[in-house]
Structure formats: C-alpha cells, structure tokens
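Once you scroll down, you'll see the structures, which are given as structure tokens.
Here chain A shows up in two complexes: once beside chain B, once beside chain C.
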Partner chain A sequence: MDKRRIEENVFKGLMVFSTFIVASSLVLILITIFIKGFPALNLDMIIKTPKGGYYLGKEGGVLNAILGSLILGTAATFLALLVSLPLVFYLNLYLKKNSRLALSVRFILDVLWGIPSIVYGAFGFTLMVFFGLRASLLAGIITVALLIIPIMARSIDEVLKMIPFELKEASYALGATKLETSIKVIFRQALPGILTAILIAFGRGIGDAASVLFTASFTDSLPYSLFKPVATLPLSIFFQLGTPFPEVQQRGYASALILTVIILFISILSRILSGKFTKHTIK
Partner chain B sequence: MNIRIIKENLVRRAMFGLCLFVFSLIFLMAFGLYQKSKPILAIVSLKDLLFSSSWHPTQGHFGLSSFIAGTFWVTAIAVIIAVPLSILTAIYISEYASGCVRRLAKPIIDLLAGISPIIFGVWGIIAVVPLVRDYLMPFFSRRFSFFPFVSDNYTGFSALTGGIVLAVMTFPIIISVVEEVLRTVPFEIREASLALGATKWQTIKYAVLKKARPGIIAAVILGVSRAFGETMAVLMVAGCSLGVFPKSVFDPAYPLPALIANTYGEMMSIPLYDSAVLLAAFILLIVTALFNMVGWGILLYIERKQASG
Partner chain C sequence: MKFKTHISVKNLSVWYGRHQALNNISIDIPDKKITAIIGPSGCGKSTLLKSFNRLVELQDGAKVAGEVLVDGEDIYNPKVEVTHLRKKMGLLSQRPQVLPASIYENVAYGLRIHGIKDKRKLDEVVRHYLKESNLWDEVKDRLHSSASKLSIGQQQRLCLARGLAVEPEVILGDEPTSALDPLSAECIEQRLLELKNQYTIVLVTHILRQARRLADHIIFLYLGNLIEHGPAEEVLKNPRYLKTKSYLEGKFIEEPKIDKELNLRGVIYPDNLIAAKLALGDLQFGQILKIIVDYEQAASELPKAIEHEGHKILEVTKLDKNDGAIIVQKHNGGYVI
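Here is the complex of A and B:
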C-alpha cells in the first residue's frame, strides 16, 4: 500500500477517535451523574427545604435551591429579553446592513459572551456596593441578566438574519412603519427562533454559579423577597459536595442530577419548539 | 404629527439608547473593577502584586504569582488536550462524516456547551479525580520522574485534573468555530485539489487547512480564553490549596478565577482584601477581553473578506 493511503487512513482513524472521545465525554458525564445521583434521589430532596443541621447529614431537601434557581433564572431571562429583543430588532431593521454601529455592537456582544461569569459576578458585586444593596435576589437577577444578554442577543440575531428580505419590503410597501413591521411581521416570523434563544439563555442562567456567588448569596429558606438572599441549585450542589460527610455528598450528587435533568429538559424542549410554533411563519 | 410616527421615533431613540448601553457595558465593567482595585494599587506596585508569591491577606501581602502560575498550568493542559481533539473532530464532522453523523453531532455539541459548569465539576470529582490519583499519577511519576511530573500530592486534586475537565468544557467552542470556518472554505478549492489526484487528507492538509488557518487560530484563541476564565469546575477539582506554588502537573493549582470565587465570605472583613480580589477580576477581564477581541476580530475579518469576494 502506498504512503499516501497509509497517511490517509492514519488521520482518518485519528479523527474518528477524536470524535468518539468528544461524544463519549458527554455520554460519560450524563451516565456518571445519573449513576451517582439516582440512588440518592428521593421525594424529600424535591419537596423539602434544608432543616437545621442539613449539611451535617440531618433531613431536608433542596427545594429552596430549586425554586430559587427557577425564579432567578426566569426573572433574569425576562430582563435580558427586554434588552436583547429591541436591541436586535434595531440592529437588523433600523440600521443599514453594513453600518459601523451594527458591526461594532455585534463585535462587542461576541466579546461580552467570552467574558467569564466570575467577572460578571465581581462586577455585579461592585454595582451592589455602589448602590448600597446587599446580596439579594434582585442583585442576582441583574447580574445573571447581564451575563445572558450576549448569548440571547446573538442567538436572536442569527434568527433575524435568516428572515427573507422580501417580507420586510412587502410590509413597508403597505405603509407600515418599522416598528409595526417589527412587531406584526418579523416578530411572528421569528417567534420559534426567539423561543429557542430564550430557552438557551435560560439554561445558561440557571446553571451558572460563579456569577451568583457574590450577588445572590445563599440561604436555607424559600425565596420570598427581592431584597433577601436566595439559594441557587449550582451553589447548593457546591456546598453539599464541600462538606466532609458522605451522606451529604450523596445528596449533592442527587442535586446535580436534578440540575442536569432540568437542563436536559430545557434543551430538548427548545429542539421541539424550534420545530413547532410555525403557524404564522412563511416557508 | 401622526401618532404612529411619534411612536416610531420614540422607540427608535430608546433602541439607540439600548445599543449604547450594551456597547458601554464592557467599559463600565472595566471602569467599575478598576475603581475598586485602585486602593491596593495605590499602596503596592503592580509588579509586586504580579510577581510576588506571598499571599497573606491578614498581614497585607497580596502576591498573585502562584495563582497566575496555577491559571497558566490548567489553561495550558486544557489547551494541549482540547485543541488537537477538537480540530480533528471538527474536520471529521465537516469533511468526512455522513449526513446522519453530522445531524447527530450538532445537538451533542450544543448540549455539551449547555451543561452547567458545576456539573462538570461534579463529574470531575466522581470520575477524573480517581483516574488521576489511581492511574495517571502513579504511572507518570514512576516512568517519568522529572520536571513536570514529580509531585508529592497524592490526592488526585491537581492541575492535571483541572486541565482535563477544562478541556472537555472547551471542546464545544473550538469545534463549533472551526467547523464554521471550514464551511466557509469554497468547495471549488477541494474539487481542484481532488482533481489533481490528491487524496482527501492531502486536500485537507494542503488546501483546506491552509485556507482555514486564520480561523483555526481564532478558534484556539477563543478556547484559551474560555479555559482561562472558567471558575467553578476548576475550583472543585484543581486542589486549590494556599501556599503551594505549582511546579508539576500533579501539584494542586489555584487559578485566579477560583481565588475570586473562594473569597466571597471573608473578603469584606480584612482591609484591602476586596481590593486585591477585584484586581484579580480586573486582570481576568482585561485578558479575556483582549483574547476575545483578537479571536472575534480575526473571524470578522474573514467574514468580511468572504463577503467582498
């Protein structure tokens, strides 16, 4: 066999091997979390809050963290949507295709997307100090919203870019303003994509721990006020694994399973949604 | 004036305002963190902070060098593992794989990117720590008992563990960027090379990769920056013990982001401590922002060149 053939096969083998490693790392992560978490999972984990001495192995659950994460994630996603949606419509409808402003805002969004979440956390902390806030649900919401704005805006941007140019023109030709075109035509057309973007951002927001460490802090009680600390699932996992007691660590694994299931559910839901909700869209 | 036009103009202004807000966000972050790190910069010189390894907040010593070394170790290990694997995977997906594999690959990579960092940390503790402790560490320290492999840390929580977990976390960004870049390489280039009798791999090596090189470099830069700033997973598996200057892949490493995350409780109680920690965050922001600007800048340049013909 000649040398070129051998080289071809060697590299092809290497590629298949790498792809296998990458794919199996995901499978391995899911399997490990499932195997370790499932035996420790019980109903108490989901429906109870930590009682006194929970982190020493006494009874309780992580309901405070599950609810806290869901509330914080939802509010932050909503806040981020309030910023991203108009922003992206502005970039795509109001600015010219090659406008410098649009180009630089997209660039800044990309750069912001790469800033580590701990930096957002630290920045949120300086904001908190500046405004005289304490670590609270509100501070957490604002920080996580800042963190997910770039993700959400860039994904919605990709969706709006795909919308046929003629649709806009048809609407303008009927005398509609840009705002009316945005809301009544483009928004409907882009709805499935926007929902997917929202879910992606929500998943990111719910899973992030570094940004809420300083800003939302942690508590054993259920979230009840915007101005009180709130528990989040990732931090709950972190603290439970940090204890030296095996039974508490077991519960940490179970909490990790809960978080993984939530995130899996979100990503499957976003795949289904992007296929549905196409009633108003033009193919 | 017509109410529709008034609405239109109001909304246009508001949207422009949002644009400016997002645009200024990165400068706001830099400014805020810099303001907070000023007190310590006024007392200790930046050189001392960066190159001293003595970290005793209670005595006012804030040397960051062992944390910078820790960051360097885990990032380097992650990049060495992740870059070849990700690039080969991306080439396979975009050049060789059948439609079925390709359709499967995207959700897998998206999911890998969507998993919470803390889950990677849990996985690291369950799976990677024992792997390093029971297999890699004994093997390497027996066979290669020289510079980067010698250590007396037998816990398994080490720079290498952090690096392996980080590598898995950087797969998605490198793979998706490289794949995107490969897709922009014109099909005609491949056809021309194949028509000259080159094998598929030769075509990739001499034609496709040559054309895609700047984009691949950008992907690597973005991967480095991702590994550089990752916090929670590393904090959980890299050991993170104070007073150890990491000299080996099996030593515990304490990277900058982990330092910031770990001080949340005590930071306000010691003078200048918060300032030092926020300085670390400022350094992290500047470095990752620079890396991302270069990376995305290259990609933007490629995209514009493509558009102009």
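Here is the complex of A and C:
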C-alpha cells in the first residue's frame, strides 16, 4: 500500500516539475524580451521606417517590417486556407476513413510538417529561379504558404475528424449532397476549430525567418509592390541582433517584443472569435 | 396476409469488410403500416434499415449485393439519384442529431437544399411540421435560438419535424426512443401511431413492449439472417420458429443441435417430402434433422407438409441465394408412404 503511495507521489512530482519547466521558460522568454526590449521601444519604432540602414541604423523604426510581416502573413494564410480547406473536406467527406489515398495524404502532410523552414526557403528560392522571379513579396507569400499548409491542413483535419459521423448521416438522410453537407453543416460545426487552426498557422507563418530569408529578402522601404522585396519582423530581429552595437541589439529586442505582442494579440483574438462562433455548435 | 408492398428487399446481403452483416434477406415492407425490426444487438437491424436509404454505403468497407425496390425501382441502380431517394426516407436516429443551427434553420435546412427559398413558404412549412411533431408550443418564442439547447426529447421531436418537412414517403426509425426519457418516448410513439396513416414506417427496436404497442408487422433478425416475419399478432403471440420463441420469451438463443443432415438440393415436391419422412423415421423422438433444399422448396409446401405430419419445424432459413434449410424436430408423427 505504501509503495503505491510513494509511486503516486513521485510521478505526480514529475508531472508538476514538467509543467513548471514549460510555464517558467515561457515566462522567462517574455520577461527577457520585455526587459531588454522595452527601453528601446518608442513610438518611432512603430510608426517610422529605419534610418541609416538596417544593419547599423540606430534611428527610425521597424514599420516596414511590421507592415511587411502582417501583409505577408495574412496573404500566405489566405493562400494556404484556399488550398487546405478543399483538401481537408475531400479527405473527410469524400474519401472513406481508411482509404489508402487519405492515409497517404495524411502521412505526406505529417512529413511536410516536420521539414525545417530553411528547406522551404531553399525550395521557394528554386521555384523563384525557375519562374524567373526575384526576391519579392509574392515569392515570400508563396513560400510561407507552402510552409503553413501542412500545419493548417492537419489541424483542420483533426477538427473535422472529431465531428460525429451521425451529424453527416443526419444531413445526408435529408437528401443533402456532400457539398451541401460540407458547407452548411460540417463547416459550421467545425468553424471554431477551423479559426483556431488558421490562427495557429498564421502565428507560425508570421514568426518564421528562415523561409523568407532568400525569398522575400529585406528592404528599408514600406511594402508597395508584390514584385519588390519586403521587410519582415523575424528577419529584422535577426539582422539587428547580429550587429556589434548594443543600441541596435536592443532595438532587436524591441522588434521581438512587437512580434510577440502581435502573436499574443492574435491568440487572444482567436479565443474571442471562436467563442463567438460556438453559438449553434453541438457539444 | 395480403398487403400493398412499399419496399421490397430481394436477396440483400451486406458486408462490412469480411464480416457479413446481412445474409440474403428477402422481404416485403407493407405500405402505410408500422413495421418493426426486432432482434438481439448486432444482428443487422440497423444495417437493414440503413440499406433502405443507402446510408449503409457510407460505412467503412461496406459492400451491398442484392436489390431493394422502393415503389418498384431498384435503389441500388447506379442511375438512381441518391439525394432523391434519401429525400423520400425520413430518418430518426438513435440519438437525436440536430444540425448546428437554430431551431428554425434545422427544419428549414431540408427545404432549402431542395430548392424552396420563399421566406413565407418556409415560415409556414416550419410552423406546420413543428406543430405536427408536437413541438411548436414549446419553441414558438425561441425559433431562432440554438437547437442544441433543447432537451434531448425535444431534439428528437425536432428531428422528426425536420425529417417530415422534406415530405418523405417513409419514416425510418433506428431505435428512436432509446435515448429518451419515458415521457418523450411516449410522445414520439404517439406521433408515430398518428403518422402511420400517411407514411410507411419502419422501426428498429430492441424494446419488445414497444414493438407490441406499435407494430403491425414484425421482422425478426438473428445474426444477419431473417428468421421470421409476418403480421405482428401472429409473430408475437404464436411465433412459428424456435429462435423467435426464445427471443420473445427472453431466453438465450441457441443453435439447435443437428442430429442428422439431409441434402435434397434439386429434389422437388413431393419426392423431397418422402425422403424427409424416411429420414425422420430413423430418428428418435426429439432429435433434430436439417434438410437442405432449393430455397423455393423451403419457402413453399414442404415445411407445411412436414408440420402436417406432426413434426415440429424449428427454423426455415435461407443459406444463400439458391439454397434454404429446414430444421425439423421429430415429434410423434406416424409416417405412411
């Protein structure tokens, strides 16, 4: 009896320890970014473009990167959604659960999920060369979209898998086609989950540096054309932290703080939004 | 036992992967009556029901062979528009499954997908069928609130209204009251009794009392085989076969122990009767003989004639498309050649 109690306590202790490590490292990251970045953060950072080059520039702000990241992230998410939604509905409503095609597509998506983003960057670069494109917003959007498609598709896929078979059956039994069932029933029921998946993918896309390194490149000017390079926050953090000047490094932390706040804001927004759309969903 | 047939099943077999869920079922479902499918769990009741609106094909690895004729038309014919077929068949499932929408939209959904857009028409139809399923008074003030907030009994009535709104000819109920409280169950049963003048109703149930209360016609399935069917009174009061009797009495259903097997394939009446009588002559009182014959023989005079000799027919089954089996227990019949 005593042995079982010790066992219980030891394992419970381990679980608490793991939870503590995860939670505290998150808090530590936030604190570090805040302490190092906050002093350098000022209004100029948010509303001005860099002065004196992004390597050495101690003046101006990172508005180019903020806007660039938002535009690139949003466009890539939208593009990824256009591909992911049909794919996932095909997997879940048109294919049988254990069909070979569905299983292999899921396997491929899982593999793609695991590929490091720098490889996507390199692949995007090859594509660019093939199509005669130069480093540009468009190339960045396409590469980031490729990067987040597996994430988005698999997340939505898991959401759709959770939907009870009886719900589809109820809709089919009324004479609905698969398309009508997908759009009018399944999509509605899955909407909160789909939103969460979209925002997870967006967060991943907006925060990735390696995939945009070769494809979107960097610039000091605001984004104004699909075919011109665009600045992004992860890359500006990368460049700023890479300088030997403490002031510029501090600006790097400030940029990181801005990026973190954007992602935090989006996470909170996603919570609120998915709460809004659960009005009619079946528990 | 003359009736107008609405759904006619011919040699229907269904497999889930390797497992055969239904074995060569042939049966007629009467028009505008309540037919109850009874039998122990896992005997293929729901499978039979769902083969009427082809929902069965959505199951993983399901394979269907045979014919189901609805209004004389084979629904498994590739030319049949499955959405039209399903529109004809309202389904009440075991647990009510409302759509993720408002009460109003749940009923209007079926109408919308079948092309009714006029708001006034929709309002009217929604009200009519909510009244028809006895839900209107409870929900008329909150038509646009969420259907999932209704109690489970109300949800089942909503599902009934939703099913009726697309104007089906048949109502299929897959144990529609099993998840409900007694009062809601009673309410659904009452509705079904009132609706049977307008619709053909097929009901899967494992509640025998419910079958007694509602059914005009009974189908008894056991392990994918059709054991017995007929007018409710006959089947429930005087079951012809042993398995039906055991099931109705709540006894364990066991396969009869066969003492002798006789193969009379290709032998016609009355030669097969004579062979059967000779074989029975060799047996002791109470021993059991299994006669394998062409199914047309099993389905016609032969069992009756054997019974007339004083023996007890325990079961008449269909083995496959052509063959049938008659299982006879020797009783006191004297035999004369």
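Heads up, the rule we're going with is that the second predicted complex is superposed on the first by the 252 of 283 C-alpha atoms of A that agree within 3 Å, B and C clash if a C-alpha of one lies under 4 Å from a C-alpha of the other, contacts with A are read in each partner's own complex, and residues count from 1 in each chain.
One rule holds for everything that comes next: contacts are C-beta pairs under 8 Å (C-beta built on N, C-alpha and C of every residue); 3 or more make two chains touch, one makes a residue touch a chain.
These figures come from a predicted structure and were not determined experimentally.
Colleague: Once chain A from each complex is brought into register, does chain C clash with chain B or fit beside it?
Modeller: Result for chain B and chain C: fit.
Colleague: So, A:Ile200: does it touch chain B (first), chain C (second), both, or neither?
Modeller: first
Colleague: Of the partners chain B and chain C, which touch A:Phe214 in the superposed model: first, second, both, neither?
Modeller: In the superposition, A:Phe214 contacts chain B only.
Colleague: Where does A:Met15 make contact in the superposed view: on chain B (first), on chain C (second), on both, or on neither?
Modeller: So A:Met15 only meets chain B here.
Colleague: Counting only touches as set out at the top, which of chain B and chain C does A:Val230 meet: first, second, both, neither?
Modeller: Touch partners of A:Val230: none, neither chain B nor chain C.
Colleague: Contact-wise, after the overlay, does A:Leu87 reach chain B, chain C, both or neither (first, second, both, neither)?
Modeller: first
Colleague: State whether A:Leu26 touches chain B only (first), chain C only (second), both chains, or neither.
Modeller: First partner only, chain B.
Colleague: Could you say whether A:Glu180 touches chain B, chain C, both of them, or neither, answering first, second, both or neither?
Modeller: A:Glu180 sits against chain B and chain C alike.
Colleague: Counting residues of chain A touched by each partner, does chain B or chain C come out ahead?
Modeller: Counting contacted residues of chain A, the larger count belongs to B.
Colleague: Working from the superposed arrangement, determine the closest approach of chain B to chain C, counting only CA atoms, in whole Å.
Modeller: In this superposition, no C-alpha atom of chain B lies closer than 9 Å to one of chain C.
Colleague: Common interface residues of chain A with chain B and chain C?
Modeller: 177, 180
Colleague: Quick one: in the complex, what on chain B touches chain A?
Modeller: Residues 4-5, 7-8, 11-12, 14-16, 18-19, 21-23, 25-26, 28-29, 32-33, 35-36, 84-86, 88-89, 91-93, 96-97, 101, 105, 107-112, 114-123, 125-127, 168, 171, 175, 199-202, 222, 225-226, 228-232, 236, 257, 260-261, 264, 277-278, 281, 284-285, 288-289, 291-293, 295-297, 300 of chain B touch chain A in their complex.
Colleague: Taking the touch rule as given, give the residues of chain C at its contact with chain A in the complex, in rising order.
Modeller: 53, 55, 58, 60-61, 83-87, 89-91, 93, 95, 97-102, 109-110, 113-114, 146-148, 159, 162-163, 166
Colleague: Once bound in the complex, which stretches of chain A touch chain C?
Modeller: Spelled out, the residues of chain A in touch with chain C are 96-98, 164, 166-177, 180, 184-185, 188-189, 279-283.
Colleague: What does chain A use to touch chain B in their complex?
Modeller: Within the complex, chain A contacts chain B at residues 4-5, 7-8, 11-12, 14-19, 21-23, 25-26, 28-29, 32-33, 36, 83, 86-87, 89-91, 94, 101, 103-105, 107-123, 125-127, 129-130, 146, 149, 153, 177-180, 200, 203-204, 206-210, 213-214, 234, 237-238, 241, 252-253, 256, 259-260, 263-264, 266-267, 271.
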